[in-house]
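Next, two complexes with chain A in common: one pairs it with chain B, the other with chain C.
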Partner chain A sequence: MDWLEQELAQALARKEPAAGFDARVRARLNRRPQWLAIAATVLVMLGVGEAWHVRQQEGQLAKEQVMTAMRIAGGKLNRVQTHLKGTGQ
Partner chain B sequence: MIGLTAVRQALDFGELMREHRGMVFSVCWHFLHDRDLAEEIAQDVFLSLHKNLSGIETPAHAGFWLRKVAVQRAIDAARKRSRRPQVALEDVGEPSVGPAGGDPMLGGMLRRLIATLPETPRMAMILRYQEDLDPREIAETMGIPLGTVKSHIQRSLAMLREKLERRGVGER
Partner chain C sequence: MRPARTLVLSAALGAGLAATLWAQQFKFNLDHLEGKATEHVDLSLNSSMLTFASKFLDGKDPDEAKAKKLIGGISGIYIKSFEFKDDGGYSQADLDKIRSQLKAPEWGRMVGIKSGAEGENIEVWVRMESGKVSGIAILASEPRELTVANLVGNIDLESLADLGGHFGLPKMKKK
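Up next, the complex of A and B:
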């Protein structure tokens, strides 16, 4: 190493960060799970909301099917009743 | 297998942080000349280490990994910052712990001259003289060809000599 390289090695010597660096890193590490928990909660809430929505749709569909079945059964009963009346006369 | 597990268990995050924080912070500080940004990036590098600790096999691997990530993050930060207004180098304060020995005036001048270099030669010079890496190790860390590293260092040294001579600073 010549004089310039020696001066460079001294000028670029390692420096420590400000005191408390490790604690600041650990504080950020401890903050992370809170964000993870919030993200997880939001995801669960979205999942629950979606499941509730699907159930609502399924319930509505089942209701419509029951109503259609009743309408069909009612129509058939009317026809049978009409037929019976005709036979009686 | 048992030996590798034992080595992995021996890797303690706090110990790695104590051992390498000076190296990680200094790479960022010398490259960016912004203490707050250097601290933020150094913290990010250690958070990243914590996340990837299971993939680190030995203390030497941790040192290599940290240096490589610090280099990448510092370069990325410089690129992002180049889109924002910057503080003049003369206005930037030095970290509280100064270099041991050497001429402080000349040291400051050299750091300012190095800060004027383009990204790749600047980082190569920092790894050469801060970390005492040889050109092959620098090439491996930065992911660039060995010849490129050698030519960057030679040209940077020549530029520094020329600028120092113009300022009347020479061999003592």
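Up next, the complex of A and C:
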């Protein structure tokens, strides 16, 4: 075995990890999904909240339009009704 | 073959329904008045908009509860209302264009009032289908105001007039 082979064998030789390496990796793996889940939940909640807010605004606008339509159409019919009652028809 | 037949049948039914709804509506042809008007209201509420709006009407409020009940039978509300600074903002031809679309036997003029003192004219036209009201048209004109309304569907005129009596004059959109 020449010096090159010896260097290579040494460099590629199996080394045991430092003490506690396994536990640290496992801990990190367990921690990351929790943060991801929390971040995802917050994002979803913000999205749902915004969508709800927009829907409420659109609903209020639609309601106002319906009430305005009823005021205009109903008001004219009421004028007719009042007029007819006044003329005794 | 079967899906194609179903598709054709659905398209035919859809076209039939659309044609029926279209027949209940009429063209307003009043866009040219928007430039002359000092204030105007333009409302176009189709069936899905009315269904959506009804979810936001408060059943505990007497007026909103009545409106909610009324729009249950309505599939469309289309209103254009204009206010002008001076007399003559619209012409008789504008009204005639609308009247010409309200033809017998479907459409019939139910009532027309003329108030000499204020120069107010209101005509109420009703569209009947199989003995039921399927639409109404209101043409209301004053020297400086013009309102045209088309309500599509089964409308309780008494309730609508009653509802209109509870309100003051509607606030118009400033131009």
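In this text, the second predicted complex is superposed on the first by the 65 of 89 C-alpha atoms of A that agree within 3 Å, B and C clash if a C-alpha of one lies under 4 Å from a C-alpha of the other, contacts with A are read in each partner's own complex, and residues count from 1 in each chain.
Quick note on the criterion: a residue touches a chain if its C-beta (ideal position, glycine included) is under 8 Å from a C-beta of that chain, and two chains touch if they have at least 3 such contacts.
Remember, predicted model here, so these are calculated numbers, not experimental data.
Participant: Counting only touches as set out at the top, which of chain B and chain C does A:Arg28 meet: first, second, both, neither?
Facilitator: After superposing on A, A:Arg28 lies in contact with chain B but is clear of chain C.
Participant: Under the stated touch criterion, which partner chain does A:Ala9 make contact with: chain B (first), chain C (second), both, or neither?
Facilitator: first
Participant: For A:Ala18, select first, second, both or neither according to whether it touches chain B, chain C, the two together, or no partner.
Facilitator: It touches chain B, and chain C stays clear.
Participant: Which of the residues in chain A end up touching chain B in this complex?
Facilitator: The contact residues of chain A facing chain B are 2-5, 7-18, 21-22, 24-25, 28-29, 32.
Participant: Going by the contact rule at the top, pick out the chain A residues touching chain C in the complex.
Facilitator: 58-60, 62-63, 65-84
Participant: Would you pull the chain C residues touching chain A in the complex into a rising list?
Facilitator: Going by the criterion above, the answer is residues 41, 43, 45, 49-50, 52-57, 63-64, 67, 70-71, 77, 79, 81, 111, 113, 115, 120, 122, 124, 138, 140, 147, 149, 151, 157, 160-165, 167, 169-171.
Participant: Would you pull the chain B residues touching chain A in the complex into a rising list?
Facilitator: 14, 17-18, 21-23, 25-26, 29-30, 35, 38-39, 42-43, 46-47, 50, 95-103, 106-108, 110-111, 114, 125-126, 129-130, 132, 157, 160-161, 164, 171-172
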